[in-house]
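The chains carry the letters A, B, C, D, E, F, G and H, assigned in the order they are written, with residues numbered from 1 in each.
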Amino acid sequence: MKTEEINVSGKTYEEMGFAKLDTDRKRRTGFAEVVFCERKSDEYLIEIYKKLYEKDGCVFGTRASETQAELIRGIFPQAEYDKVSRILQIKKETSAPIDLIGNIVICTAGTADLFVAEEAAKTAEYFGSYVTRVYDVGVSGLHRILSRVDDINKANVVVAIAGMEGALASVIGGLTDKPVIAVPTSVGYGANLGGLSALLTMINSCANGIAVVNIDNGYGAGYMATQINRLAVTGKVKED
Amino acid sequence: MKTEEINVSGKTYEEMGFAKLDTDRKRRTGFAEVVFCERKSDEYLIEIYKKLYEKDGCVFGTRASETQAELIRGIFPQAEYDKVSRILQIKKETSAPIDLIGNIVICTAGTADLFVAEEAAKTAEYFGSYVTRVYDVGVSGLHRILSRVDDINKANVVVAIAGMEGALASVIGGLTDKPVIAVPTSVGYGANLGGLSALLTMINSCANGIAVVNIDNGYGAGYMATQINRLAVTGKVKED
Amino acid sequence: MKTEEINVSGKTYEEMGFAKLDTDRKRRTGFAEVVFCERKSDEYLIEIYKKLYEKDGCVFGTRASETQAELIRGIFPQAEYDKVSRILQIKKETSAPIDLIGNIVICTAGTADLFVAEEAAKTAEYFGSYVTRVYDVGVSGLHRILSRVDDINKANVVVAIAGMEGALASVIGGLTDKPVIAVPTSVGYGANLGGLSALLTMINSCANGIAVVNIDNGYGAGYMATQINRLAVTGKVKED
Amino acid sequence: MKTEEINVSGKTYEEMGFAKLDTDRKRRTGFAEVVFCERKSDEYLIEIYKKLYEKDGCVFGTRASETQAELIRGIFPQAEYDKVSRILQIKKETSAPIDLIGNIVICTAGTADLFVAEEAAKTAEYFGSYVTRVYDVGVSGLHRILSRVDDINKANVVVAIAGMEGALASVIGGLTDKPVIAVPTSVGYGANLGGLSALLTMINSCANGIAVVNIDNGYGAGYMATQINRLAVTGKVKED
Amino acid sequence: MKTEEINVSGKTYEEMGFAKLDTDRKRRTGFAEVVFCERKSDEYLIEIYKKLYEKDGCVFGTRASETQAELIRGIFPQAEYDKVSRILQIKKETSAPIDLIGNIVICTAGTADLFVAEEAAKTAEYFGSYVTRVYDVGVSGLHRILSRVDDINKANVVVAIAGMEGALASVIGGLTDKPVIAVPTSVGYGANLGGLSALLTMINSCANGIAVVNIDNGYGAGYMATQINRLAVTGKVKED
Amino acid sequence: MKTEEINVSGKTYEEMGFAKLDTDRKRRTGFAEVVFCERKSDEYLIEIYKKLYEKDGCVFGTRASETQAELIRGIFPQAEYDKVSRILQIKKETSAPIDLIGNIVICTAGTADLFVAEEAAKTAEYFGSYVTRVYDVGVSGLHRILSRVDDINKANVVVAIAGMEGALASVIGGLTDKPVIAVPTSVGYGANLGGLSALLTMINSCANGIAVVNIDNGYGAGYMATQINRLAVTGKVKED
Amino acid sequence: MKTEEINVSGKTYEEMGFAKLDTDRKRRTGFAEVVFCERKSDEYLIEIYKKLYEKDGCVFGTRASETQAELIRGIFPQAEYDKVSRILQIKKETSAPIDLIGNIVICTAGTADLFVAEEAAKTAEYFGSYVTRVYDVGVSGLHRILSRVDDINKANVVVAIAGMEGALASVIGGLTDKPVIAVPTSVGYGANLGGLSALLTMINSCANGIAVVNIDNGYGAGYMATQINRLAVTGKVKED
Amino acid sequence: MKTEEINVSGKTYEEMGFAKLDTDRKRRTGFAEVVFCERKSDEYLIEIYKKLYEKDGCVFGTRASETQAELIRGIFPQAEYDKVSRILQIKKETSAPIDLIGNIVICTAGTADLFVAEEAAKTAEYFGSYVTRVYDVGVSGLHRILSRVDDINKANVVVAIAGMEGALASVIGGLTDKPVIAVPTSVGYGANLGGLSALLTMINSCANGIAVVNIDNGYGAGYMATQINRLAVTGKVKED
């Protein structure tokens, strides 16, 4: 499959026919292109992993199934797959470990929300942020989160992840002065409406300093938390 | 307007043509018939107040407008109207005050929820329950409710009233071992959907021991809280 | 897996890394911690059953699949699994049977609602309540429920379980003076919206003394019914 | 305003420019054209009343406001307006009263549903059906409707009108063998969703022999009930 | 499994423990008890078929899966199963065929709606009605339904079945003077919302004489159509 | 108020501080800028009318209230206001009338939909299209639309406007081979959901060649119909 | 299976018992009958393919599964199946290729929308339109679509296909003067509501000249785009 | 009205009976208590303004009506009211102006969104942030926003405000590397669902770095933007 680099007013992309790969992203935004694996056909997935690996020497994919992981590892045996977060990653073969900067606190209401939390955490770490995990601190046993308030307040930004009724976001918003990114999850049953109930709870929060991303969107939360974390540490989202 | 008493297998009602007044309610359930004033025509409202006053010497009406209050007070000058709860009441001319039994704690998230809280409180008091008011303890300033946990735990049953995202119910459910009746309110803006968002929050609560009544339904919460409070005090809902 | 006991202002929990087990629950609320098995990974489920068994000598799990039941019975052969209610339980090896107190009446509209009813019933019995089952008394054949009114009125609290249009709750609310906990079920077809239609019916009930829990939430209904039943029998939810 | 009669394969209508009046309706369907007054401009309303009066010597209008009633009575002083049903009618100046045939029973859950019930009743009577009114028999006091079962069973067809949770339709469906036309009303508060909750209840009814018309659509129910009533009495909807 | 016959004010049912079989239905309503097979456990299904067969010599079951059909035919080899309508029936071993009375016209918009139409048709025939099938006459090719208007007008009652946008009901309502029972189906794609879009179309119909049953509820339509058809033929729903 | 002309890669706009007026629109798209009057403050509305009049010698405003009409006519006495369509227009003082090209047929289901139809018609005429009005041809009296099929088929494009259940779009789609732009209206009652029910009907249409614009969006329909009409007449949307 | 040709006022269809095949379509509308394969039983599918092949020598089927493709290719080995668009086609055995006329530009936001885009493209090509594909130009990398504006403006009509938030339609509407047919897709996750979120975005578009078809309805978009494309090229939808 | 200061583990509030004023907020979060004026009774509003003025020498109120503005200005003549943003403010009588730090860019799609934008802008300025306003840059005229990309990229954080279909947020997200707070507005008509459509668009955005606050919640956006802006400038949200 032949690809071609297109340049539009200084911004470039790779024309692959079936897709336009945003190979210019990192330079432009400070964040490398990430592969959303879900629904991608095998053929396209391989093509994209190859192209990005060739360009950057590393690939970071989200929402990968176990089957997709096996597929890619057939080609890149060094690819690592994490079942909980469903992240399928080819890491750079650098000798030195990256210094993770700042501090993002990621809280979950229950253990069932872990799959979203780990997607957020690993995304933030991939983009260079230091992450503190505060899991299973839902409001039905309030003493659990109260015991962690000091840790939460050390963050530059907090990610609050909850399904069911999603009250965690409001409680955290009331306990910290840091911006809170709320992630509703599809965890729950009955009238949880696939996460819509938690989304509505969070959007209507009576606490200040809370904004919401899509249901189960751990990646989006990890991304935006990193933007804010970078601003807090260096005053900039990307290096000049 | 002529009315007629109908007796069905030991249960009676008053046939008024436009309505069948459940004058038998108190004997049957331990709770006297209450008038839902909203949408009632002037003519019917007067007729019903007269009929009940004649029967019991007292009337308790909910959702009364100021206009309706004036209308009834033109006939019964002793009628009392409370603007916040919109309760329009003719009290018994008894000399001795009623002993209020047990303890129902009524909590609100904000001051805007007071109209529902007072409907619940006055209803519970009318039916003979002692009420403790714990207002404006929403989760955005968690220390406010934490300062009142001891008071809340003295209740036989707790009524948790909140609009916006309605997280108060879950937090209270996590702080007390008593049954909680949650009342979503229409207070809020944006995506609060007239209280539906708070209702969904409460229905999906991760805490145990919470059940939900209709949006703004202070009366219903006060009624059911009284049923439980009576059970706790006397082991029975009504006297034999 | 190492765990650690954390103590926050007199309340404790067990830090398991992936979860914070509320081992303090029984002392604090009078109700032991219950395991919600759905969506739990095999590894975590085993860990939690082990931890709770070690602590209390018994475990009560809801929403367990048959596969999970087999998994746990591979480790605890004495575990009992009920296919209808999906409850997976390790009972205490006590010689004396527990005295069940009070009376909770559990009604269903149809036979298809049994899976919810049995979850409620077994939960209430686990927490020490006596349960009367009144099944298949839906309103399309009204004489069936009328034949059981006396039984219903012997309850301290009634649980009304119905799918389809959920009218049973209103009818029971009109027949008894006891508090009614209504449980909408996902049973039905067409525009039942996975139980949301029944939920709306019950929330909008014209009868007094009805509060609603989440769709199919038999556990929640059994829990709250027990709180009320204990209040009716002993005046307290938990022993001092 | 000039009008013109158009004939399409034996069916005619009156072309009025802004409207095509179905003056052929009665011959074709056995039911004369009825005016839906809501939202009609004054000018058009007058034009239509004039045209129909000229053609038939009588006009039957639904959803008329008091202002519209005054407008029409300024031109036709003999027009009669009923505030409850909002029907604005010019009757035929015939000497002999019409014989009302068959029997339609119209039930309401509460007194607040009367505005829909009277629209249904007067519509059915206008089209020649005999109507029995059974009002205020909601399920929260079940003995009220049980006392009227015999009356209900004398109907050829029953109209069940209810707001709030709309359980009345199911209960009636379970008590009678006659077809039931259910009318949800917008009466209620909180999560009644303008009548949508009652509509869903009725559509999901567990009882047989129930079909539903639009919220508050008393006219539609009265119309269809008449079709069925005529079939029961004469075996035909219209005379040959 | 032991069963017991219960008699409540002249109405009886069979107490089966897990269910209360309404064996009195036929005498009371003129329609024998019908089995809704969906979701029934094998054990209960067999028990119910046996009980009804023993009582009446015939059984009529709806929404039966192929597996259930095989199960029942293992016990009653004479049982007949129709894959389209999913009706599983044990017919009476009578020598004389039943005379089907009156005329119900059943129309569908497309061929994909046949599974609902055949459920309605076979139900109506089981209850003794004569049925005329007018299939695949959706409004996108209007000449198809116009060619059948005469057939439609010979009906006592019309059943209009459509998915997608459900416009068929309104068009039929405009073409006939007979009552129309509209059945929305789940057929469609995109924003059809599982049939809810078609339901809303039909409920909002601008034509008169239309009432709506639940999505895909062919049985309900066949039942009510029979009630009306019997009224048209004999003036009664059941024989005295 | 000072304004400034901004030029971006050959496209210009007028910077007015509170707004960026797209004065370049006509050259770019072949359609002059139109003013959406609703919600505009008096001050801004006047400023915009002045600016556009100065530039083009004419202004076309939609959704203008009567108050806004009076306001503008206080400054431009030649402004014309149409109450039905709510269009507020200052016409060019040209001597020669514009030749309207092609043919757009605009159909409505009822007379209550006229306010949308006239917005569409006047918009199309303003942009130079010839319009044929076919009003009040709803499907409840099908002979009305059948009598106009020939007129409809003379169109290059048809606009189908309907509230209630919106079946008109499907029927027209089945009667013509021309593209149909469907406009749901908010006309109706009960479960019409402010036009959402009609929108769903039209989006789910079983007929081909139908696309839908927003509820009550007559302007949008008139605009797109003109684009298609111009393509049909000249093969181009705008002149080169 | 015997079929019969029915002729209604010059329009014919083929009566197949289970279906009425619109064999007259091409003459009437300029578009041959197309088979919607989804949900069709094997038996009916074969019958329809045979009938159409016999009549026209070619068949075009949409939404065919791989299983259905194999089924048909067992009978017509020359049938071609495209996995992406799910189109199952028997082409005419003509020697000369068809000249594709005009120009339809089909844009997608992402690669996941290709299955809809190819259904639209192949449909348009089948009906004789020339198609330009502009894929993967979603708004999150705006330079990609800006690089293709010239191509887009060469279209007679643009099809904008997008899932997620569906913003592509508005952006294209702002960049071109040609009519835009917007197709929401079910691509996305979280609160995308199966495509309903994208549908709402497109229906509410602030840009002019956009109309919307059903979710994932590539066929409908290709059909209407062809109608407009033909008008632009020949001034007519079908040949006389 | 007597008030009392309560101190809970170092956090204080003012007990006013009807409310618990969070006078401790500024010290705790770096943001002074703000008054949400909507729905507050006159009596309470005055009491709160007095209390805060006494404490801090300044008050900042949002969602104030003109009537409320007059009420407060009767007591505090120096209070300033802005009609667009509905902010009612008593400023500190300090001699030196505050230095506004950092840079928040606030964009709106249209002029109708200004009321939300100004609430956000004034809130951010009150809390000490420098604000750049980029108004009326909706995507229907894309060149308007492209002309401001450089200004947008100078921000630390961007607030994107849009009604209708809300596509602006995605486009900005694709043009900048800074975090974007998206605010859906209730501006629009038809199927905008009071802003819910725009909310869904923004939540489903295909662009990275976007989080959403409640409909019309300018205050919430200004608050959170300030948190991030402070982090970018000083690395902290509040001073130590």
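What we mean here is this: a contact is a pair of C-beta atoms (placed from the backbone, for glycine too) under 8 Å apart; a residue touches a chain by one contact, two chains touch by 3 or more.
Not measured: the values here are computed from a predicted model.
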Kindly list the shared contact partners of subunit E and subunit H, in label order. F, G
Among B-C, E-F or B-D, where does the G-H interface recur, judging by over half of the contact pairs matching in residue number? E-F
Select the chain at the greatest separation from subunit C, using centres from the mean of Cα atoms. F
Need the CA-centroid distance for the pair subunit A / subunit H, whole Å please. 27
Euclidean distance of C-alpha centroids - subunit A vs subunit E, Å: 52
Can you list the residues of subunit B that touch 2 or more other chains? 141, 190-191, 196, 199, 203-205, 208, 214
Where do chains touch, given as pairs? A-B, A-C, A-G, A-H, B-C, B-D, B-H, C-D, C-E, D-E, D-F, E-F, E-G, F-G, F-H, G-H
What residues of subunit B sit close enough to touch subunit C in their complex? 28-31, 156-157, 177-179, 181-182, 199, 203-205, 208-214, 220, 223-224, 227-228, 231-233, 235-238
Within their complex, subunit F touches subunit E through residues 109-110, 138-142, 164-167, 170-171, 173-175, 188, 190-193, 196-198, 200-208
In their shared complex, subunit G is touched by residues of subunit E numbered 111-112, 114, 135-137, 141, 143-144, 146-147, 187, 189-191
Seen from subunit H, its contact residues with subunit B in the complex are 6, 8-9, 11, 13, 18-20, 22, 25, 38-40, 44, 63, 186, 195-196, 199, 214-217
